[in-house]
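Two complexes, one shared chain (chain A), two partners (chain B, chain C).
Take a look at the complex of A and B:
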């Protein structure tokens, strides 16, 4: 079995951010949300961020931090990169918001801008669009985080013959103000930036 | 090799794949206008399951001490019939279950119907599916918008190859609700009459509901005539979350990936079963991808006129129907198509006809920029 490597790992919870296992200090402004605070700390200009639902914002921010470390420009086409994301609640955080727009027949206002985020794979699309990632994309749902399945999916994602050399792979979950993200940049090649091998132990190490 | 050993379709057109296939061959559609379904303020055109018949069918199955939702019932019913036909022991650790769905039990948001809040999680339904069959393995849900059903088959194939599973049961299912239909209506994506795939006057899609299951086997000794998965592709457009790349870039790349190193399969291609939702953007995009793949002379059909778009079931259901057609040397027509009207020249198949060749290509695209392709054929 081929050996794969973690180039970097980003962990975002409801009040902390870690990059490669090191806690990052986020300057907080009271009037904006936690995810917006993280966005403002990243020094990027991407107005589409503010249109996204919370799940997409969370995945987008983790991807931004990983891609920033990769040294590649967002505008550079990436045909050999894939985005493979797991979670528990699908897009339920936004689904609940959408449900409110159709619950009351006297106040019925379904909006395409909200409905489009009622799919769990939209976050893979947002990350792909931002970074011109044109390899595989998939949204996987399971009740609990499973490092073995994540590991196995990584091996398959970078298996021979696919033409894929990089993965953004991990757990991206957001529901009712609770953020639970662990996203990895995984490669076939080991280089100076590699932080550890892609295996069960390596994956769990960053689940802080 | 990975090949299909059995299948089942539960849809408004019937409760077996054969019944569905024969009804399509006979030009029967179950998509009709519904004036007041789901308390929607606007009418909608689509196909709905007959729940009395489903309940009657479900009550015939071995019962478990568990109350199931409608979504779970059609998934279990379809899987049960496919497994029964495959004559495999689904409780074995050699069997992998995969569930494809876009929204699962989302209707419980409107009315919990006495179910626990967690029942909205598709992973919970997936676990119940596995538990119904006493299967010990984790059941993965693939929820990748409209491409879910094809991506779930790709996932099953790759997991079988990587982990050595002997069998996989791939179940695609979705039911309609006020949630789903109102959303598509807000997008102005729905036609108020029968959808017209690849037609000059196409005005949008029809929705449908159902479940479809494929049982796959992995073996070096493929039986004569069995249909194998010969190639697969999954590629993102990186273009827009709710619209495809105009030039079909992602779908073209997915088709190219499916045919990687296997150009010979292109020569044996009998037909293409397209997504063909009859939205202006989708059908134009597919014509680009087909044309860029130099497959413009291959007869291409869409099955959306028969049942509408069955969402998470569609990719599985349409592969099954296409397998039955390929086995019979038939190419099904594109019901609803009248006057060709897509930007690139492709060969829309409009009549029931004899097909040459021993493989077909299934293509599918959806929100989130997802595109997938799968080739089934004789080895």
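Take a look at the complex of A and C:
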């Protein structure tokens, strides 16, 4: 069985951020959301971030931190990268926001900008667009975070995905102000940046 | 007209999630699409909703929208002449 390697791991919860298991200090401004605070701490310029729903913002931020560690520029085309994501609630957080725009027949103004995020796989697209990732992207729903399924899917993604050498794979969940993200950069090749092997133990280690 | 322009700037920032922008950053005569504010096709749909929700103006013709959404100044002129609320 092929052996894969974790190059870096980003964990985002509703009040903490860890990169490779190390807690990151986030300077907070009271008037903006937790995810916007993380965005501002990363010191990036991507105005489209503010148009995204919370699920996309959470996945986007985790991917930004992983890609920053990879040393690759977002503008660099990445034909051998793929994005595979899991979560429990699909796009329900944003679906609820959209439902509010159509709930009152006397005030019925469906929002196109909210509607475009009523699919869980939009987050894979946002990450791929930002980073010019050309490989396959997929999002799956499962009951709860499951390291075994994540491991198996990573294995299939890299061993059977032709021409794919890098995966952004993990759990990106956001519902009702609760953020639960664990995203990995996984590769076929071990190198100086490798932090541990891709296996059940390695995955669970970063689910802080 | 100045108060309508200010109102439109604030409403556009809120409706289109231009979170890092303030009303004073927006030139009322600058193009809304392309070079100016850099809005996209989804923003155009959101502006159509805004026109109906806030001012009772229903736009049915896409070409009409192209003219009306040239700039905030053009939008304000059109709204002041056609608003029903």
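Just so we're on the same page, the second predicted complex is superposed on the first by the 206 of 208 C-alpha atoms of A that agree within 3 Å, B and C clash if a C-alpha of one lies under 4 Å from a C-alpha of the other, contacts with A are read in each partner's own complex, and residues count from 1 in each chain.
To be clear about the criterion, contacts are C-beta pairs under 8 Å (C-beta built on N, C-alpha and C of every residue); 3 or more make two chains touch, one makes a residue touch a chain.
Note that the structure is predicted; figures quoted are calculated from it, not measured.
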For this session: Assess the superposed three-chain arrangement around chain A: do chain B and chain C clash, or do they fit?
Result: fit
For this session: Using the superposed model, measure off the angle between the directions from the CA centre of chain A to chain B and to chain C, in steps of 10°.
Result: 80
Exercise. Can A:98 be said to touch chain B (first), chain C (second), both, or neither?
Worked result: first
For this session: Examine A:132 and indicate which partner it touches, taking first as chain B and second as chain C; both and neither are also allowed.
Result: first
For this session: Scan A:36 for contacts with chain B and chain C and give back first, second, both or neither.
Result: second
For this session: Could you tell me if A:116 is touching chain B, chain C, both of them or neither one (first, second, both, neither)?
Result: both
For this session: May I ask you to name which of chain B and chain C touches more residues of chain A?
Result: B
Exercise. Taking the superposition as given, does A:201 touch the first partner, chain B, the second, chain C, both, or neither?
Worked result: neither
Exercise. Between chain B (first) and chain C (second), which does A:83 come into contact with in this model arrangement: first, second, both, or neither?
Worked result: first
For this session: Would you check which partner chain A:50 touches, where first means chain B only, second means chain C only, and both and neither mean what they say?
Result: second
Exercise. How far apart, in Å, are the nearest Cα atoms of chain B and chain C after the overlay?
Worked result: 8
For this session: Check chain A for residues that touch chain B in one structure and chain C in the other, and list them.
Result: 110-112, 116
Seminar exercise, completed: Residue positions on chain B within touch of chain A in the complex are 39, 41, 102-104, 106, 109-110, 120-124, 126-127, 138, 140-145, 151, 155, 158-159, 162-163, 178-179, 182-188, 234-242, 249-250, 253, 257, 260-261, 366-370
Problem set entry | chain A to chain B touching residues, read off their complex | 79, 83, 88-90, 92, 95-96, 98-99, 102-103, 105, 108, 110-112, 115-116, 118-126, 128-129, 131-144, 146, 149, 152, 155-156, 159, 161-163
Problem set entry | Touching residues on chain A, where the partner in the complex is chain C | 32, 36, 47, 50-51, 107, 109-113, 116
For this session: State the interface residues of chain C toward chain A in the complex, per the touch definition above.
Result: 15-20, 38, 42-43, 45-46, 49, 52-53
